[in-house]
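In the two assemblies presented below, chain A is common to both, partnered first by chain B and then by chain C.
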Partner chain A sequence: MLELSIGIILGACALGAGCAMIAGIGPGIGEGNAVAKACEAIGRQPESKSAVTSTMIMGCAIAETTGIYALVVAMLLIFVAPNLLVNVLMKAIQ
Partner chain B sequence: MTTKDRRFAAVDILLLVGAVLPLVFGIVLKILTNVPSEGITITGARVFFTIPMPIQDLPITETQVNSVLVMITLLCVCLYFTHGLTVRPHLKRQVIAEWIVKTCQKLVGQNMGEYFAAFAPFIAAIMGLSAFSSLLTLLGLYPPTSDINVTAGWAILVFFLITYYKLKCGVGNYLKSFTEPIVVLLPLNILGEVATPVSMAFRHFGNVLSGSVIAVLIGTALQGLSNLIFGWLPGVLGDFPFLQVGIPAVLSMYFDIFSGALQAFIFAMLTMLNISGAFAQEEYEARQAKKLAKKQNK
Partner chain C sequence: MTIDKTVAKETRYIAAWVLAFSVLMQVVFLLIGEWDYTVLLGNLLGAATAVGNFLLMGLTVQKAVAEEQKDAARRIRMSQSYRLMMQGAVLIAAALIPWFSLWAAAVPLLFPRFAIMVRPWFDKHKGGEDA
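For the complex of A and B:
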């Protein structure tokens, strides 16, 4: 019975981490849009290339934030949560 | 060769040794305390020893040791570049040092304005420390920036600076700014205030950490693949991971060098924008003028 519950905990943590990374879709689309517009702008005004590029990189970094949050949650679920939850289970049994 | 020249060269060599020695020390420490492992292992910073403290024990980890090593290296590099400064530059390194300082001052001047010109050394220090910390992965050492505590420390420092410059326009104005545009938004405004350092810390930490995790995964996958393809070769050749030669280096170009330098730049940029955005210069000057007028009336 104990093995089963520990297995469920580990499996649920892995599933949760996978589900959390669905958030990676958002930054992907957003950064793609940003880069596409930047390319258009450079095509129209090649002399403003350096200013457009640095602004685009800043915008990409900010658009990336939600993806990074998802990554941190997934990391916590993989590396921290299993130990924590198994400890809680052991304490509950005793 | 005069004594002066000889002394100059001796100090040069001493500074260069001081720049390289910490990195060698870090590699030796890593080799001595390395625990051999099988398969995929992704661990946090290794704890060397803990110092007992009244409230909570203070662990001395790889992160602290490596960041001190990076700081010593950076200090020695800076001293080397500024050694033997003259009014008319006759050394190549003085030209490089002047270029770095001018670039930094220009960047800060463009993004923060005249009032914050004194921030250039701070921004340069954050950028250099962050970039060199991330680049430690090239030597196989644990990068301090892939520990949340380091980036969170920098972000909290930036948060204090933001709050300081907001408070410059008066405590009342600062408290009132939370209830704008309407009072109902108070919790959201407080949340937004806290979100700035959290997102800065997580962004830097997540980018560096994800790079190292992907490097480990790709390394393990390539080993499995080369076992599958070249496993039929006799003797030592069958065990040798051919695919692990060279391919990880190409990926390391992006994940270690490009991403590390880019994150340092982005962290410094966000620091500059947040601090200069927090300070309402016109309002501050108006307040100062009003205070001055009051004093003169008395």
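For the complex of A and C:
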């Protein structure tokens, strides 16, 4: 029974980490679209290249944070949560 | 490949703020009594990764804006995937190698976002006379 409980905890953590990483897909698509539009804007007004690039970099950094949040949550679910939850389970059994 | 002036300027700004937030994080760890050398090494690893990630993103954007729209979008998507994998590898290394604290390595990855968040506030004060 204990092995099954630990197995469920580990499986749920791994599943949660996998689900969290779905959020890693979005920023790439969003950044791609934004940069494509920036290319269009620079093509229309080449003199605004510096301003557009600057805004673009900041926008990409903000968009990317979502993916990093997801990555951090996934890593915590893989490396920190299992030990924590198994300890809680052991204490509850004792 | 030469680094564009805009990219270098923005990277310097982010690096300065990451350094400031890192010092703040060390102070917080000291205050809560959790500081040891793993926190310092983890922080260095995370901060270097955050600034490196920002620089790589800037270089990709610099290259992408000179390309066709489709190629630019593809380049950025590929770059984002690779950079996310790089950060994942760094976090896995921080989790597995006992010299690094995972928390101290993970938190600095979010510092560039905080730096961008505080930017309008500073620009408002710095450029008050411009407005």
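As a working rule, the second predicted complex is superposed on the first by the 94 of 94 C-alpha atoms of A that agree within 3 Å, B and C clash if a C-alpha of one lies under 4 Å from a C-alpha of the other, contacts with A are read in each partner's own complex, and residues count from 1 in each chain.
In this text, contacts are C-beta pairs under 8 Å (C-beta built on N, C-alpha and C of every residue); 3 or more make two chains touch, one makes a residue touch a chain.
Values in this document were obtained by computation on a predicted structure and should not be read as measured data.
Student: Answer with clash or fit: chain B and chain C placed together on chain A by superposition.
Tutor: These partners clash in the superposed model.
Student: After lining up the shared chain so the two structures overlap, which partner does A:N33 touch, if you call chain B first and chain C second: first, second, both or neither?
Tutor: A:N33 sits against chain C, while chain B stays out of touch.
Student: Counting only touches as set out at the top, which of chain B and chain C does A:L76 meet: first, second, both, neither?
Tutor: second
Student: Between chain B and chain C, whom does A:T53 touch in the aligned arrangement: first, second, both, or neither?
Tutor: Only chain C; A:T53 stays clear of chain B.
Student: Tell me which of chain B and chain C touches more residues of chain A.
Tutor: C
Student: If you stack the two complexes on chain A, which partner ends up touching A:L84: first (chain B), second (chain C), both, or neither?
Tutor: Neither partner.
Student: Which of 205-213, 223-231 or 241-249 in chain B clashes with chain C after superposition?
Tutor: Of the candidate stretches of chain B, chain C runs into 205-213.
Student: Considering each complex separately, which residues of chain A are in contact with chain B in the first and with chain C in the second?
Tutor: Chain A residues touching both partners: 57-58, 61, 64-65, 68-69, 71-72, 75, 79.
Student: Provide the residue numbers of chain B that touch chain A in the complex, in ascending order.
Tutor: 42, 44, 199, 202-203, 205-207, 209-210, 213, 262, 265-266, 269-270
Student: Mind pulling up the chain A residues that touch chain B in the complex?
Tutor: 57-58, 61, 64-65, 68-69, 71-72, 75, 79
Student: Once bound in the complex, which stretches of chain A touch chain C?
Tutor: Residues in contact with chain C: 24, 27-29, 31-33, 35-40, 42, 49-50, 52-54, 56-58, 60-62, 64-65, 67-69, 71-72, 75-76, 78-80.
Student: Spell out the residues on chain C that touch chain A in their complex, using ranges where they run on.
Tutor: That would be residues 4-7, 9-10, 14, 53-54, 57-58, 61-62, 64-65, 67-70, 72-77, 80-81, 83-84, 87-88, 91-92, 95, 102, 106, 109-110, 112-113, 116, 119 of chain C.
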